[in-house]
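In what follows, chain A forms one complex with chain B and a second complex with chain C.
Then we have the complex of A and B:
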């Protein structure tokens, strides 16, 4: 019977092509606009590393003396001081942890063709690659020994490798960052990242860096940060060494804590660490505070998906509702005009339920067609978004979830809009129309 | 086969109450061919709609084939209508988008009959009404008489025991009306019970049993006929 209803729906579509196309177009525009904003929202709020997002924790320590305030919602600084980062990096637990900061260099190689350019870099510890699930197409990470000795080594992105070395294996090759030479030890495969969750300081949706160097080079080469540096008290930081010893925060720190037991052990360790530091004259506070936030909590804490985005999604759904209100009107007109035919069908044995289902199948078909056309409109919308802002490159896309959602949302909303007209037409008294036809 | 006891139908608005049928009593035996006549607005069509379960009645008892229609819900009434009753309307009421084959198929689909059986019945019915070669035609490609024959074929396809015809020849010329009437007589001879509402006295006379509906009630035929004669005399 479903196939028969589909056949009848298609005939009905062909019988009133203009009205039907208008309805499909209205649904498509509503779905197109909704899916454009919903897709961006979906990509923004999506878990960027679902396999271990509940095992990766960022560390926050309350370094301020009593009486000082920070601008975050819980008064905690979002980054660590260099000295805390180094101390925690050298701590016995957990086994895997990362200290890091963002920087950048003038990049060049021994080539007449490739001109020097500015490249963004991340100075980090070797666990960075395994903890954030990065894979290598050539070579690998630097060793712990190279980390400790601040070796002049670098891992580059696939894109940079394509640019500098035409995609060939560049392990062992030398590149120059500012005035110093570095040996390439690895090339990571393309890193498809929707949200730059590991460092949200300078834009949650920026591209990952192209150069990765040992964190120990920060001190060895006095590498300046390209990220944020924040302080809470006056400190004399005329030299780089002053900054390293200061209470300014500018280092991000992540730890892999696989279960609740590990998390509790590390929490205890952080508390003990702060108590130890108090003896050295730091953390002048009555109550010591720290926070471990996993990836999703961290994104929420930093308002990665802003209220504006949520409002935009809400508005687009309201626009869809307006489109559906129009469709409801058109459906009413179309279905009630068909009341005489329904009267005949009822006289010939159709139950109200069968008439109701027939009309719901028809609105579902309109919804499906509108949904498919809506995907095309959404793709155009997303293309426009991508071309407007470069950082939307990986965000303004429809993944498979959104592609499947579009027709489902279209069909569901159309059925909701069609319930009243279908109910109205199925409860018409057939006797009225049989005589008057 | 059909028993109506004290059936009343009341149409009620805020301002006025109208009794379309009032204490209507009728017994119809299996295989009968009844012509229902009466002035316009007398309740003939209301009677036919109630008989066909297209309209509920306000009070009374209606038994069709022993089934108490008043106790059936909407789905049961639809099923009962589909199984037992065939309709023929004055305006044919064919669905314009469907060809003849598909129009006849409509009641069979609602009954859930398999495609092969549907095909057999449709071809047989089209043959019976003399339109076998036009199965793929749309209704608007046929004359009025042919359309009514299709409507009859549609009513017959469900192999109903009970055929309700509301002015089946009202939109046809006399030649076509005669052909349709002959077809109905043949169907009756084959065993179907037929109730036909008509304004045409010639057609009514061809039916073995005539009933008159006046003011929502079955009229005493003799009294009614006498009153008509008096009116004719006075008019003359």
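Then we have the complex of A and C:
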């Protein structure tokens, strides 16, 4: 029966090609525009690490004395001070946690072919790789022993390994970062990331770093941060040692808390920690505050999806509503014109239900065609987005979810629009049309 | 004369079509007026004057890894080399770069820290006496730094004593306009204001204080330094191509990268806004077209449905103009109601956007402008089909289907 209805629909399409094409075009444009903005939104807000996103938590501490304000929604600084980060890193719980910051070096090796270049670096503790599910092609992370002794070791990205060592196993080789030599201990596989969720300070859609070094080198080698440093009170930080001791925030911190029990235990620990620090004259405030946010909460808190994108998605759906009203009008015109034909079908024994279904199938077919054409339009739109803003290179694409939802949205929209005209036409009283013919 | 009543009654007989059109017009008005306002806002943001001749200026980074030179001395040599190039007007090391989205800011206060006084958020550059000329900004009051006022040091305890600031900053700290020659505090360091620049934007165009900037004559070069060069008009590209080689020829144990024009930096910083603006323009253009097509289609449909009535009216003596007039009035009635609803929807949408996002209140002029435009567009869309209706032969009334 369905095939028969489809056949009827196709005949009807061919009978009024102009109106039918107009309808398909209206749906396609509506879907194209909506899908363009929705795809960017979808990629931006997508969970970057679904299997772990509710176990990875960033730690925020309210370090400011009473009376100071921050610019975040809840008045909490989004990074930690160096001393807090080190203390929490040395804490007994949880088992896996990372302190880290962003920096950069000039990279060179003993070679005449490869000119020195700038490489972005992350100084972090060894759990970084396992926490964020990074896999190694060669070697592995540095040991906690090496972390403690601030060993001169480095993990490099696959891309860097290709550039420096032509993709061969480089474990044990030496590279120079600025004026110091480091031994390569591992090479990580390419890290495909749409959102740089682990450090949202300097652009949420930047590429991950290519060099990873022990966090203890920050102090040992006085490595300056390439990320943000924020202060909330006047402090004299003329030397690096001053900065390490200061109340300025510049370190990111993540903890792996697998269940609610662990989270509660860690929360209690953080409170106890702050109380202890209060005795040392820090955290001069009545109410101690901290916050543990998981990956998705963290992305929301940092407004990874920009206002503009939300507005665009909203406006696009309103646009789709206009297209829907348009289609509804055209469908009414098309179906009612066909009332005499329907009258004959009804007289020959077709039930109301069958007539209704037949028209819905026709509408769904238009929707499917529109949806497919809409994908094409959306691809053009996304191409234009990528061209005009290279920062969105990996975001302005349609993944499989979006590709599938385009026709689904199109067909649903069309069926919603088609309900009333189909109902109207199935109510046709056969007698009238039989008489006049 | 006005046949509103019969037209209205005729409309009531085909309500659904009219209501659909009405909804389309209402939503279109709401979207277009709000989008137009956002677009206008972005255009103003993108076209603002920054105070710099953006097309003649470029920057580059120098990352020194060699340990066998004093970086401060090396930078002097580099600056001298760059300034001696015939295409170059001036060059200087600058601790941050305007319009780039990266730099340092602090509160500048009327009292030394930790005392509390009127304080204003300000971006600041450490730069020497060539800064004003390199950036090509307009010094409207006071004077430039003298060479002895520029503090070149590796000793962090030494502090500069003067500053040149942007007019907006000075006006905010000294609303009476007597700021020149006064002392302001950068942390606990007193700085005497010796010059005022008419306009120079900070690194962040979207900052709460985008045009507050202070130049401080303090040179303490680190392994990572940024240079700014202003060239003669149209000669920037040539210098940009050569600069890496020239710098490496001066001293080779370093990396020169991020060679970018000031206009390019600005474009990068505002790319998202440009994209938003373009997407909105495309959105409202297509939207208006779709709505116009909708009106066009619906009128055509109405005419084909009423061919017989129109023929009868013509046979009974109605002029062609009366038929056209009929459809125009009918459309104007639908459109009028749609526009009233649309204006209300536009206001509501504007309020919604204002509540949830950082968007200013929608000025009524945008709604009015959009309403007029939609009205004219709907008349244009209806005119073609109406003319066709007017050409229906009266003889049609005498035939059956």
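Going forward, the second predicted complex is superposed on the first by the 436 of 437 C-alpha atoms of A that agree within 3 Å, B and C clash if a C-alpha of one lies under 4 Å from a C-alpha of the other, contacts with A are read in each partner's own complex, and residues count from 1 in each chain.
Here is the rule we go by: contacts are C-beta pairs under 8 Å (C-beta built on N, C-alpha and C of every residue); 3 or more make two chains touch, one makes a residue touch a chain.
Since the structure is predicted, the reported quantities are computational estimates derived from the model, not experimental observations.
Set against each other, chain B and chain C differ in how many residues of chain A they touch, and the higher count belongs to C. Touch criterion met: A:319 reaches chain C, while chain B stays clear of it. Once the two complexes are laid over each other on the shared chain, residue contacts for A:26 go to chain C alone; chain B is not touched. In the superposition on chain A, A:328 makes contact with chain C only, while chain B stays out of contact range.
Within the superposed three-chain model, A:383 lies out of touch with both chain B and chain C [touch as defined at top]. By the touch criterion stated above, A:429 is placed in contact with chain B alone, chain C being left untouched. Of the two partner chains placed around the shared chain by superposition, neither chain B nor chain C is touched by A:220.
Comparing the two complexes, residues 436 of chain A contact chain B in one case and chain C in the other. Residues 1, 4, 11-12, 15, 340-341, 343-354, 429-431, 434-437 of chain A touch chain B in their complex.
On the chain B side of its complex with chain A, the touching residues are 45, 49, 52, 54-55, 74-75, 78-79, 81-83, 87, 89-91, 93, 95, 97, 106-107, 109-111, 154, 158, 166.
Touching chain C in their complex are the following residues of chain A: 19, 22, 26, 29-30, 33, 36-37, 104-106, 108, 116-118, 176, 178-179, 224, 233-234, 238-239, 306-308, 310-312, 315-316, 318-319, 321-323, 325-326, 328-330, 332-333, 381, 384-385, 388-392, 420, 436.
For chain C in complex with chain A, the residues that touch the partner chain are 16-17, 20-21, 23-24, 27-28, 30-31, 34-35, 38, 61, 63-67, 113-114, 156-157, 187-188, 222-224, 253-255, 257, 268, 271-276, 278-280, 282-283, 286-287, 290-291, 293-294, 297-298, 301, 353, 356-359, 401.
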